[in-house]
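As written, the chains take the letters A, B and C, and residue 1 is the first residue of each chain.
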Amino acid sequence: MLARRALLRALAASVAAAALGCGRRERPVRRDGRVVVTFWYAYGDLVRKVLLELVARFNASQSRVLVEAVHQGDYFECLAKLRTAIAAGAAPTLSHVVCEVVPYLARARVLEALDGYDGAGEIPFVPALSQQGAFRGAEREPTFCIPFNRSTPIAFASGRLLDEARVAPPRTWDELLDAARRLTRRGEGGEVRWGFEVPISWWYWVAMVGQAGGALVAPDGALTLGGEAGERALRFWQRLVRDERVMRPPPGRDYQAWQSSNESFLQGRIAMMWSSTAFVRYLEDNARFPVVAAPLPRDVRASVPTGGTMFVLLRGAPDEEKRAAWEFVRWMCDDEQTIAWSTRTGYLPVTRPAVDKLDARGWYAAHPNDRVAYDQLASVDPWPWVPELFRVERDVVEPRLEDAVLTGRDAHAILDEARAEAARPA
Amino acid sequence: MNPRARWHPWAMLGPTLGLLVVFFLVPIGVAGAGSLFSWDLLTPPRFVGGANYAALAAHGELLRVALRTLGYSALVVTGTMTLGLGLALLLDRPGRFFAFVRASVFSAYVVSWVAVALLWMWMLDGNAGVVGQLLRALGAPPVALLGDPDAALPALALVGVWKLTGYAMIVFLAGLQDVPPSLLEAAALDGAGAVARFRYVTLPLLAPTAAFVATTSLVTSFQAFDVVRIMTQGGPARATELFVYAIYEQIFLNLSVGRASALTVVFFVLLLAVAGLQLRVFRTRRGER
Amino acid sequence: MSRARRLPLLLLACAAAAAWLLPYAWMVVTSVKTLPEIVARPTAPLPDHLDGGAYREVFATLPVARYMGITVFMAVAIAGAQIALALPAGYALAKLRFVGKRWAFGVVLACLLVPSQATFVPVFLLFAKTHLINTMTALVLPFAASALGTFLVRQALLSVPDEIIEAARMDGASEWTIVYRVLAPMLKPTLVSLFLVSFVFHYNDYFWPLVMTTDDAVRTLPLGVALLREQGTGVRWHIVMAGNVVLSLPVLALFALVQRHLVRAVSARG
């Protein structure tokens, strides 16, 4: 075994040196005297462009640290690569991950605790978006993550189609159903303009569970998946899609479905949709009609989860790289960067001073949709700090949501099955 | 012949056998052992016995994955064989034009699955795909093939058929060269029509070739991954979750090494059954030549 | 054959050509459109005007030359190693008498039936433990020995008369000289086909590089192109198709050049 390993290493060294020269690094990487921070990110398109510009600006603004941004696919692909790389000892210094996975990564002890870093406790975050506000039950945890691109789900509608049908943005589930009915048009050749569309996915389901008055985790820590409210949320979807036929579930999984919804919305094939605040700018810039944003409707109460991602530093990186990465994270939280990042993409500004400055500059007066997104933070339900949550989301709940909506299986049976699976040790 | 030195054969075989054993045989054993543990790569593994198999078998998911994979393979194999044989018969003619068509069909076999999957994803797109537009023009209701749990797997199979038909065609064309023209002429002199000649002369002679094509495309389609990963990621509602993708998802997305290993073991057993079949065909085909 | 009977055959052949060529055409047409055009008239058969924007975007977002270099290096290394190793192994199995030969041949045949999709989990763990993830080793080494290659070389050598080897031995040639200098040239057609099939397969391979690498420094072109269908905000099909053209063009060009060898390799497999 040892001999084979030595042999493999020797082979690796020779081949890698000849070809590319890469593998595990034990000392901080330096180039031209600067500490190199490898930063894995997971965006395409507009968001990627804005990020890369900010990274370039950071690199030009000082001469100690060089951030190298590497694209790794979408959030889930990037996360898969990240966990693989951690296991293989080839992790980057810095990355960003969806909120729900932070407790799991923290328990696996792969994240750097950030409290000791320069000025870590002093960044004036918008409470609902920081680790403290984004999680419930994390009071005694060290700070593992810093808000980066944060969002909530939000309702979009085509102003033109609302006017035509004389429908106001719905404020309750009943109004949503009614509006969707009135906005759905069936053409001669089977063409349908759908009243409503939302990806059948965890994030939106969690929002509806909260709106129906439920919580994913009971106070005693049991994963109830919302209990009765979870089923009610599923049944509402089934009703919209299967009984009333006023909603189309977009094709594709994960962000493919989101892209598809955006595309259909811009083409006028759907009148209302739920999507992420992240797309405010993209939709406004590309729509040939006024885009109306509204808070998600309530059932028994208003509720939205937060989404997007948090910066995390990987514990296994050399200290010097981690300190350098922290410099970049800190810089991104400065007012100007926070403002540039949020106004150009639609993600929420993550610090209070940035919000105040935007307000003072008249940004919100000029961009009412951004105001709607920001105000909706008042109805945020924090995520439970439960390490199992992410596995339950991906492996247990997500595929069953599609199952319920697309094949019409009974909501109660499906969630019972999901609860049994969630209780099974991984 | 005798080797010049006793160690010569082993020196010559050594690297090959060593690599094959390390990378193909040992891993199967390692997967067997790994399937008895619960491990997420990051925290220490825990022995759980058969719990991984039990978890996979619960609610019939494992069986569904196996049946789905077999169903996909069945569609791909019948599709490629029928089309491949048809095209081989059609295009087994002299002339540049037919050579060009043969090359066109075969080219898809050479292009990467990534390119093929992305291309078909675009053509099958629910909003703007050409296939949907064509169907609509023909009066069919608009449907997003990849978004419909009933249609997604056949749609992936269609892509598989498009990719692999060229391969089947080439092998059938080679098989057709083994049909002696004199036999066909004799049958024609006896008054057999084209259909009868095909049915009673060509087809029996092609049987070993057909069996060969069937088993190779069966094994190939059994390993399908790229189309699933790129086009549907196993969705909608797990309708396209084939075996290899399920393994991939367990280890890299759910970080469950144990379940991935358990799936690997089951996959290997199924593969062994399929491959045993293939080996038998290899032998009979060589025997008949 | 009469003209009347030939016409339906020609039509059918044209339909077949269309079924396989039109998708390529569609790929190219899409790649030279602009985004607004795709959103407004996605199925228009011809672009308003040729636009190279999608290609500029591909070359701006992907280091195409580097990815291509890595991919070609990997595929050549694998195909080369397979031939270098298959020659002596096939020679031993075909020509030499020794104890354990049946067993050794059994191992080769058994491995013929095990695809990398059934072994990647343990192999990944092995490479992770030895810190070889993200190295050329992880990409090349598992394929350096080819069961199929060994099998085919053995089959080809069976038909080479022993006298040739005996004569070479009489002349004082070492076994290695015999394998690489005497026999290899005789097997040239087999080896060329083997090399090409292996090269094309690994150039195109998506699965293995996907699971064995996380790093941009060893990213292969198929991975890079698949990443173009990234988490974006809306349609980017023109860019994805441009990436597809970049990925497929070299291999289609190679196919046009060496079609004969590839066809022979495929049809000779049985």
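Everything below uses one rule, namely that a residue touches a chain if its C-beta (ideal position, glycine included) is under 8 Å from a C-beta of that chain, and two chains touch if they have at least 3 such contacts.
No experiment lies behind these values; they were computed from the predicted model shown.
Colleague: Is the chain-to-chain touch network here best called a line, a ring, a star, complete, or other?
Modeller: Topology of touching chains reads as complete, every chain touching all others.
Colleague: Out of B-C and A-C, which chain pair has the most contact pairs?
Modeller: B-C
Colleague: Quick one: report the Å distance separating chain A from chain C, using the average Cα coordinate of each chain.
Modeller: 37
Colleague: Chain B to chain C: how many Å between their CA centres?
Modeller: Whole-Å distance between the two chain centres: 16.
Colleague: Mark out which residues of chain C touch at least two other chains, giving numbers and ranges.
Modeller: Where chain C meets two or more other chains at a single residue, that happens at 124, 128, 141, 235.
Colleague: Quick check: what residues of chain B touch more than one other chain, meaning two or more?
Modeller: If we look for residues of chain B contacting two or more partner chains, we find 41, 127-128, 252.
Colleague: Touching two or more other chains, which residues of chain A qualify?
Modeller: 84, 87, 263, 267
Colleague: Which positions of chain C touch chain B when the two form their complex?
Modeller: Residues 9-10, 12-14, 16-17, 19-21, 23, 26-27, 30, 38, 42-43, 85-86, 88-89, 91-93, 95-98, 101, 104, 107-111, 113-115, 117-126, 128, 141-142, 144-145, 147, 150, 162, 165-166, 169, 175, 179, 200, 203-207, 210-211, 222, 225-226, 229, 235, 237, 240-241, 243-244, 247-248, 251-252, 254-256, 259, 262-263, 266-270 of chain C touch chain B in their complex.
Colleague: If you look only at chain A, which of its residues touch chain C in the complex?
Modeller: Touching chain C: residues 5, 8-9, 11-12, 15-16, 19-20, 22-24, 42-48, 70-75, 81-82, 84-85, 87-90, 255, 259, 262-263, 266-267, 279, 282, 286 of chain A.
Colleague: Within the complex, which stretch of chain B touches chain C?
Modeller: Per the touch definition, chain B meets chain C at residues 1-4, 6, 8-13, 15-21, 23-28, 30-31, 34, 41, 87, 90-91, 93, 97-98, 100-101, 103-115, 118-123, 125, 127-130, 133, 162, 166-167, 170-171, 173-174, 208-209, 212, 216, 219, 223, 225-226, 229-230, 244, 247-248, 251-252, 257, 260-261, 264, 267-268, 271-272, 275, 278-279, 282, 285-286.
Colleague: Any idea which chain B residues touch chain A in the complex?
Modeller: Touch list, chain B to chain A: 22, 38, 40-43, 48, 51, 55, 58-59, 126-128, 136, 139-142, 144, 146-149, 232-238, 252-256.
Colleague: Which part of chain A faces chain B closely enough to touch in the complex?
Modeller: Residue positions touching the partner: 4, 76, 80, 83-84, 86-87, 107-110, 189-192, 249-254, 256, 260, 263-264, 267, 269, 391, 394-395, 399, 402-403, 406-407, 417, 421, 424-426.
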